[in-house]
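Sharing a structure below in structure tokens format, with a few things to ask.
Which chain is which? They are A, B, C and D, in the order written, and residues in each are numbered from 1.
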């Protein structure tokens, strides 16, 4: 196990960032966190002596000993050239920036090149584990130069479920976010597979199946046992009707990027793509197509069309 | 060209049946039609001297010279054992029943066997052409014994766009409805392909495309020119926004049977199947799955879920 | 925990049946097994005093005390009317037949009705866990009457991972095989999701990803951790190239039945269906379609077509 | 109808370009063609007095009166910055470059901006009609400034099936190639729909369907009548077995770009995407996934795996 680094700046203390700060603090790391939300800052600072929550990027980064480790944990899409433009003047050659949010791996590769030109290291870190990672540890997928990974390793050994497993130096820059992208693409497919299966059981009304009980029994010995099933069982235990839930599923960039990659590589990805498309449909993005289909049926067959 | 038969009983004078009656009458066939709707009967009888619209099955069938030709043109699903049970006692050996509605080819095969045992012929007839077939002629796909087809041929030569084309003896009983089923499966895929394409153009707002003009230009020389495109162009000419149309697309048996057949034969049919599934989704049948997906995202990532 | 029954006849000692016999024997159940393979019989009899392997159905069933429990564990599709016809004369009112193989739930419902008329109980039992279930325990999904389930319960408590979990009385006859069918449908989707993801990484050659290491790291803390991932990691640990493996994936009835059910219920199942279709394609069942597509491209665009 | 322009340089005299040169020549346009293949040049020059085939870009472009019209008809992907770099020094402000090949609309927008800065017009022209367009006329979809379209119009009126139809100024630069992209995406879906349908009939061996006859009958009156069906009927008339055709379907950029666009706009395109994926699969790009699926089945179920 590597020696624990003295300190890291953790930029973004949202759902993921805050739990990571806690896990790092418990692992003996000094965390200089930054977030725009005052209550988040106060709560975290109060919880752990090892966490100092700052109200400015300058303050957080300046508090670090050199060479610095700056871990960005901003919501997907918010790490922009503008954010980097703010941070970069505060850094020096030898510092290492880690982007732990979801980002398109090609963007990460471009960012790595840009920072490298300034002598600053860049590590793209895919982080999985959701809101449970603070307790269970996170799976961490890293892309970057060997030397930069070595710098980041002590943090990662604390964040992962154990020092010797649950994290991987996947390859050069971009590899971390690439593997995370694929991970999430698989996640889309798995989720949709479960959703289809439970929907089939829900619709088979004459068998009157208890979906909560079914989800629970599958957790023990079945081929499809998985963490997603565990979570699904928890959900169904509370309510199987889902009657007050809106049937609308957002999508973030990861599923989309996976499909772009399938197209670019010429590799079939029907399951991941169709899982993504069903989310689009749930957002009402198939409505125009459906309207046109209804009108076509009317045009050739005289079939009735409903009014919106 | 075969000699025109003296008469046929046409059971069912709905959108399809009425236009077929008209086309048969214009072709010199005596039509004894049957329908439950009085105004339909009166209108047709008034239009053509060759059409007599009856208010009972007995009356329509009894009016025929023997051996009889009875063409069923009932809405899909309404030809049941019960309907046949009503008709069969009115028929004699040597008569031929044609089922021109959409039916599952296995059901047609079973019906053919049942009638054959009584010495009555059975022809399964797939009829395509929609509400325009009365003017343009219908494509007719026939399944049955050679001798029964010979009996039906004079009718079919009138119904088709021309005596020598647009109709086919596809094979033994079931073959007519099988080929019609596949025809409609292809139709589902083509319709969805067009719908997706127009939806992509509608969503690409910065190009401000005129969908009516695009649909029109494609009609002249493009690879995708087709009758469905002609109809789509007509529709879009009237309104491209479709703003008052309900985004809900019914499905009838044909698409479903095609997918069952793909599964039974082990032949991939992703396009036809996904076209069918998007119709199901438009009917709200993916809502439970979407709700569960939203709840899974909440469970692992703490993502917000909308209330219904 | 229910009292252990004295004995069961286990018909079929293949991969699944043999391991189930062992687990039952270890749990104190007397097993009268039947299989056509002499070496299988000898091996099992030698292993466990509680197992007697018979070379005839009559012998196995006659060895049971009444009322009897007869558990069928024949490969999918082999339980036919013929098999039941052989067994039924050997049984008496009060006996219970359990079908633990994969079967279409509608067939199971018909069988239950047939046996019920003879006073013989029938339980459809979906069994999941694969070749590992002997050690880990099986997930068991049961359909049938309360009284029959009560009879079967002591066996199931031994076969499941624990007496109080991993088995479920899902509902009336058919419910056990229905839930197992959906389980396997989900399994198809999950497997395809993983396969697509790993294929994307394999094709992304410039990142030179170590797929074995990636599959391993995902096992610790990621959202997609699952037993299928554990098995995939084992496989990739031995060989990531899969260069000597034939790219052909068989399918059994379960995936097909799930798609039939989706069609019958009108519920979208694009992920499960497309997973099935990719298996069909791997079996060469898309070849005719591909040939026709190549010829169409030639027809409109003059594109070259390869010779087989 | 606009006055016919005196001359155009047509860069690229391949399958599409040569036929376009012929149609332009027949329409009274002076064509200065360029191609690297000597026999193509000689053949075209010999055929039409209005066609002069040059062996260098400089020669072809220099032969034009100013302001010039230069129509690029290079195979997809070959119009690169390098090609433009060669041509641009030969052009002057006021000239107009038309790109009639398939190109990603975003690339076309970038090229338009680049040329605009030099005072040179740019029109992106989607051209559909395949090898038959020379006789039937081409559908032409144009993107660009009003003034540039006016310059190009006389050419387009000759190339289209008629002066007043079959061509459209779709919108600003990029719109022509966008609409062509969507056109081809729809084409992918339609082709796959037909391919699936015929594959289902081919696999249904007990009905012994004559696929050539079926394709022919559908041409007359059916809902799916279309030019693609006409071509398919021609193909099947010659051979329905396709036994000596390689089951491999190439894909060019258009289908891929359509899927990228669906992802970018968040619009479901399951039919177009799955049609693309089946082409990828026919190219062997699902093989790794299939191998891994086979190994997973072995891992959990002990199922046999074939050797490559």
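Criterion: a contact is a pair of C-beta atoms (placed from the backbone, for glycine too) under 8 Å apart; a residue touches a chain by one contact, two chains touch by 3 or more.
Fair warning: this is a prediction, and the values are worked out from it, not measured in the lab.
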item	value
Which of B-C and B-D has more C-beta pairs touching across its chains	B-D
Residue-number overlap at the chain A/chain C interface, same or different (half cut)	same
Chain whose mean Cα position lies farthest from chain A	B
Where chain B and chain C are represented by their mean Cα positions, the distance between them in whole Å	39
Distance between the centres, which are taken as Cα means, of chain D and chain B, whole angstrom	34
Residue numbers of chain D (touch at least two other chains)	130, 192, 194, 196, 199, 203, 223, 227-228, 262, 265-270, 274, 277-278, 281, 285-286, 289, 300
Chain C contact footprint on chain D (complex, rising order)	15, 130-132, 191-192, 194-196, 198-199, 202-203, 227-228, 231-232, 234-235, 242-250, 270, 274, 278-279, 281-282, 284-303, 305-308
Contacting residues of chain D [partner chain B, same complex]	128-130, 133, 136-141, 160-162, 165-168, 170-172, 174-175, 178-179, 182-190, 192-194, 196-197, 199-201, 203-204, 207-210, 213-214, 216-218, 220-229, 258, 261-262, 265-272, 274-275, 277-278
Residue ranges of chain B in contact with chain C within the complex	223, 251, 256, 259-260, 262-270, 273-274, 276-278, 280-281, 283, 285-286, 289, 300
